[in-house]
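Both complexes shown next keep chain A, but they swap its partner, so chain B is in the first and chain C is in the second.
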Partner chain A sequence: MLTDKGRISEVQLAILLLPTVLATSILSVPSMTMHYAGHDMWLSPIWGSFIGLIVIGISLGIHRLYPNKTIIQSSLQIIGWFPGKLFGLAYLIYLPHLTGLIIREYGEFIVTNALPRTPLFVVMGTMVIVCTLNVRLGIEVVGRTSQIFVTIITALLLLTFLLLIKELRPQELLPVFEDGMLPSMLGSIPPAAWFSEYIVIAFLLPYVNHKRQVGKAMIGSLLFTTMTMIVTNLVCLFLLGDLTDSFTFPMLIAARYITIADFLQHIEAVIVAVWIFGIFVKISVFLYIFSTTTAEWFGLNDYKPVVAPLAFLCLAYSYWVVSSHPDVAKLLSVSGNLYTLMLLFCFPALLYVCALVRKLWNERMKGGAT
Partner chain B sequence: MALQTEKTQYKEKLTSSLDNNREVLQEVFGENTDIIFHRFLTGNHLSALCVYCSSLCDTERLEKQLLSPMLDGSFAARSDAGIESFTFVPMSSIQTVCTINEAILAILNGQALLLLEDQPMGRAYSLPKTASRAVEEPSAESTVRGPREGFTENLSINLSLLRKRMKTPSLKLITTTKGQYTNTEIVLAYVEGIIDPALIKEVQSRLRKLKLEGVLESHYIEKGLADEQFSPFPQMLATERPDVVAANLLEGRFALLIDGTPFSLIAPVSIFSMLQSPEDYYENKYMSLSVRWMRYFFAVISIMLPSAYVAITTFHQEMIPTVLLLSISRAREEIPFPALVEAMIMEVSFEALREAGVRLPKQVGAAVSIVGALIIGQAATSAGIVSAPMVIIVALTGIASFMIPRYAAGIVTRLLRFPIMILGGTLGLVGMMLGVIVLVIHLSSLRSFGTLYLSPAAPTSAKGLKDVRWCRGGTSE
Partner chain C sequence: MTTCKRSERESFPVRSRWKTAFQALTLFSFLLLAGCWDRIEVNDLAIILATGIDTKDDQVELTAQIFIPRKAGSGSGGSGSSEASQSGVTMIRTAVGSNVAEAMNRLQRKVSRNVFWGHCEVIVISEQASKQGLRQYLDFFLRYTQIREHAYVFSTDQKARDMLALLPPLERSSAESLREMSNLKLGTRVTVLNLAQSIEGPSRSAVLSRMLILKPASGQSTYTSDPYVRGLSLIKEDRYVKTVTEPMSVGVLMLLNQLNYIIMPVEIEGNEGNVSIRLISMKTTLTPAISNNEWSMKIKVDAKGEVVLNTTSKSIADPQMNTMVEQQWKEKLTGLAKDALMLSQKQLKTDFFGFSGQFRRHYPRKWKAQKRNWDEIFENMKVEVRVDTLITSSGKSTYPQGVPGQGVQY
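Presenting the complex of A and B:
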């Protein structure tokens, strides 16, 4: 039994996932990857995308075995009522962490780059209110708003890359594989953490109305995000060279290079403003998942009443997860990624293995009986 | 409720006793001086009663076409008695009336009701004499190229304007009455075979549920039928052009023509139909394409420009090129207000000017524009109350909002400008973007008769978007 009656198309889901993965990764992944991978950082998203591929496979696999159920609902059937509830509880505890962290990241990003004298609480609070409005209107509206905003973001991103072309120095790419493949593999941990966010599919698949095409659409979405990450990393590398990892938000520094006809300069404020759209979609998606998960876990019929309180909880978590700005970067770069990978990749993978074992077991029992 | 009680009260049939019928009708109309009860003997010595409303009936035609043939001696020669008598009246618009309620409505619609002795039914002859305007050029939606006829307040003229354009039996015109006191006729028009039958069922059920005291303008109906009551956006398109109605009927929409107003309603609509002008289809393709894109651009300008100016001058001065920044800061040097207050003053006074311009008699209108231009444009800048760049911004915004072809949609941009301006003045570009997000959320959840307001942009349909980006091909489709 689903807590939302709305349905979205598979293309809408694919589009929805683009900002969900890219919104924050474009900002902070280049410098994190650079830290480990050096010149080969453009390769890291490719390794990272394998995690995305596996996660998509897991989500689709679980959904095939237990159709029209979210991962929280199917876990009760896969590993039994009590362990299933524990599994759900893990997400109930983890999701506000993640959502709070995204909100905090947004707040810090805006406060450092656009509104240095505005209180953090106002910046984050207004965004949370807007996201609450969006989530309360259901998955259909979340899907549609994301379609509108992804169009705008894509156009803007393309424009940024195009305007930067004359500043790029491709020779920064060399030498390739200076220390072998290992650094680029290590550098793939941050992108992998972001790619593991593709697990939101497992929560959203029951709301998709043409399930046959879902696989194709998801792969398309994954290719798009991987390409975008590679291009972003390349642009940062070509533009800033070895300096990339000394900035928290290298893309923003890159945007400062843009001048149009010696007249329009410093358009990074526009980039920041438009980037809000992306983060808005991302927070909405995670708030939606958090709300539906909570409603499902407590067995409610409708998720709408819990949205506003949970949104407020996430806002509170955004203060609790980290205490200051440097902490955000630290959390994101080391422990955060492993924490994310643990819950968004390992747990679902274990659940899928259990589901497969259970299926085999059932078949064998049936086989033995006959 | 009144109409319902009337209905239950006068549900009984007309009786065959003429005196009885007269008594009942006289009781209903009471002391109304404009309801005439004319009792006479026909040429063949039948006693007859003609009831009509003298303020609505053309008495000259009544005498010539109804009374004189009946009183005529030849009438007697041609018919013996009874029901046959009705058929010798030289008129085509005849309606048979069986109940008291029907009789009342017929009389109030300006028909002359003829009752005969021993007949439990009457005949209503249409002899209208209502004041109506001639067909004129629509004043709220003018085009350079295209038909210049506009709807009038008279429903039958409007229907003829529509029928004239669509000579097909598939065009269905279905009449209902709404308003318990006004009893206004409403015609639902659609083209069978093009429109989705489920949509027609939906409209009819909504119309049936609608209970109104009076219908004086199309908005009374629009308000009652709207999906979302609290939205500032118009969910039906009001137009006074028959060619716009015809074009929309051909695209599978329905129209409601309402007696007493030149505006008819079209639904379902999307936000893009608010930004399309009929002329887009009458002009050269490339011309209308560029004009349409310019209109989209200026629609955004009309909502965003003042807030963008306020946000950028207050929070993001680094975005302004140095030379421009210098001239803006020189202009703003003497201004005692922050940019937000300055913008508010200007926008509010501009709105006041515009409202005054609409309400004032035409003869005084020119004076208002001169005073407005002088005071706001010239004196306010030289007195140092507002800066010159702000005047440019407000003027540009004003022009942009006039570019929106649908008046109802234009008003919305006027209204939305203010909250976004406040957001831009308090949170800079971030606030503006939050305003835009809220707007998009609202538009994504809005529906007009089940059709999404943002369609075909979200959910995306490539075929639909073609008409949004380009224009439909003229003759080929």
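Presenting the complex of A and C:
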């Protein structure tokens, strides 16, 4: 029934999820959380990670009840054929939005910070082509590439943090809870939207070969992403203080600030590299999910033929979703997060509730019959 | 195994044709992809090393110091123009505009190459310009993509333009001199980011090093000279308010915890001559306190020093003398700190030393409640200064040297 024959290990899935969640968040989350949370923004990812935990629980729960089926396939059995198809349709409409937005975010970042004179279309188009190739080769290749890239990303990020140590002022941490707990909770909405992207495991679990340890691996992955977000937020706070939310990409400013022994400077390209590696995995994962979802929804046997057209569709969406960079920021900081939370958190949660009710009902009926 | 191989072989011819075509296409595409259609090479760039800001009849006068690579490359060959010194590898261009962005745009029209700001490590703002507010400059420096946040900011009461026009005999450019001086920590070491933080922070003020142009040696051209540090420019809100020079600037630097390089003469009571102490390390800590709604600040200064000159008749090795020197030094430092506090609290009524930040950190609730009355609170705040001094070394000698007949005494 699955549209891809490939299988990945649970560790590969866990690693795959790191850039999927972190890639875009490293750059824009610090200033977005600070906007609401002020000084306590480093706490926000902790609150946000609870959403991630719930989402992982939902995905594993649905998969336990309906093993070896993606969420799109199991929805048909849980709430019936027609509502199930509607459920899938919601994702068919939503996923190009999300993927398009990610592609656009990537393009805008590269164009403003690295390649100012290259047309946006070329920047985004080349990335989409590479991702299309990656996705067409199957989940195994996506898993492998993410394994390699995550190593590089981690090393480069650590390097940036280490080189900045001299400039950091830990006293910026105080005062904690200047306005009570509420701001840090409010500030956790943007990270929560990112953490809700953990729902992709509901689409990918059937491809995992050792299902026993999946839970543990997922928790490890969640811890890693939370830690990275906290550290990123802290570094930005310690360096930029209250000014963090006045910059679009605080982490990039932080990398630009590095000056060691008068020659080790101008290394913002490192952050750009981290971003490209991460975004490559992220776009691949969402394009993969979009392709398999489409294939499953239309009842195809193989997802590969639809990858290229869908990739092109996502590229078109990246122009349709927003019209400028301030637009991206607006969408991400206001309505976008609720939209994402709705589809990546509320819908799967409702589906899980339905599945549980159905299971209880079935047991009750069986119990009544005997 | 065999069936597998056969199936592969069967599909091979059809696949391979496409594959070869694809491979050929990829290979040939490299010819096109290696393109130089919008290349900008180093010799198309005018690399800016320093930026200067002056004002001219309410308009902004922007000066850029541009690196001349040709001269730098030719090494010792000063055979070119006799006017420029061997080290002169920079030139300046100035443009005037109604704001800094417009001036920048006009600057490009005066330079034949593409102006590149990515290496601008130094920004000099004349006091004249900062009197009218630093806001527009800070916004520009933190917004325009090419400019680095790590660029050092200096103040000058002369024209920034003249400072950038200097061709220092020792360094490659006056930008380099300024940067090196900043690294020596002779004054305050403030980057664009620091400046923005301290102005936008609760203390709403900043302190910049004030640079002047050294008078060139006789016979040299007016531009063969260096900038040098003299005093500090104090900035309240975002405007320049006052210049302080020694000894006041020493007290200000001390309270900012930025005093590093100084040799201080200390008079010893009942003795002719004095003892000069070189500062080895100094640490200033601020501890805020609020009791019974009374805000107060405790300033603790730990200073360690080394004697470099003793013109009194007594030996530093003598414990009594040692404590006396420490005592006198302590009094001197306390006096400097008190003067600086007086200036900040009573005269200028500006929190240059970040007291407000400390209160915000330690008493967030009370700070929030009293934020509006801060100016009043600050003006009347009780400040306790405690200085601890320690003489760690008396240099190479113990007894005073050069006293006639001293060697015979013992």
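The definition used in the following text is that the second predicted complex is superposed on the first by the 368 of 370 C-alpha atoms of A that agree within 3 Å, B and C clash if a C-alpha of one lies under 4 Å from a C-alpha of the other, contacts with A are read in each partner's own complex, and residues count from 1 in each chain.
In this section, a residue touches a chain if its C-beta (ideal position, glycine included) is under 8 Å from a C-beta of that chain, and two chains touch if they have at least 3 such contacts.
These numbers were taken from a predicted model, which means no experiment stands behind them.
Undergrad: After the superposition on A, what does A:360 contact: first (chain B), second (chain C), both or neither?
TA: neither
Undergrad: According to the stated criteria, A:350 is in contact with first (chain B), second (chain C), both, or neither; which is it?
TA: A:350 contacts neither chain B nor chain C.
Undergrad: According to the stated criteria, A:338 is in contact with first (chain B), second (chain C), both, or neither; which is it?
TA: neither
Undergrad: Between chain B (first) and chain C (second), which, if any, makes contact with A:266: first, second, both or neither?
TA: In the superposed model, A:266 contacts both chain B and chain C.
Undergrad: Is A:148 contacted by the first partner chain B, the second partner chain C, both or neither?
TA: A:148 sits against chain B, while chain C stays out of touch.
Undergrad: Looking at A:181, would you say it contacts chain B, chain C, both, or neither? Reply first, second, both or neither.
TA: Neither partner.
Undergrad: Quick one: classify A:227 as touching chain B (first), chain C (second), both or neither.
TA: Neither partner.
Undergrad: By residue count, is chain A touched more by chain B or by chain C?
TA: So, of the two partners, B touches more residues of chain A.
Undergrad: With the two structures laid over each other on chain A, which partner does A:241 touch: chain B (first), chain C (second), both, or neither?
TA: Once the two structures are laid over each other on A, A:241 reaches chain C alone.
Undergrad: Under the contact rule defined above, give the chain A residues that sit at the interface with chain B and also at the interface with chain C.
TA: Shared contact residues on chain A (touching chain B in one complex, chain C in the other): 265-266.
Undergrad: Looking at the complex, which residues from chain A come into contact with chain B?
TA: Touch list, chain A to chain B: 9, 11-12, 110, 114-115, 118, 122-123, 126-127, 130, 133-134, 137, 140-141, 143-145, 147-149, 263-267, 269-270, 272-274, 276-277, 280.
Undergrad: Can you check the complex and tell me which residues of chain A touch chain C?
TA: Residue positions touching the partner: 112-113, 116-117, 171, 174-175, 177-179, 240-243, 246-247, 253, 256-257, 259, 265-266.
Undergrad: Help me check something: in the complex, which residues belonging to chain B touch chain A?
TA: 312, 315-316, 318-319, 321, 427-434, 437-438, 440-441, 444-445, 452, 454, 457-460
Undergrad: Which positions of chain C touch chain A when the two form their complex?
TA: 38, 118, 142, 145, 148-150, 191, 193, 196-197, 200-201, 360-362, 364, 367-368
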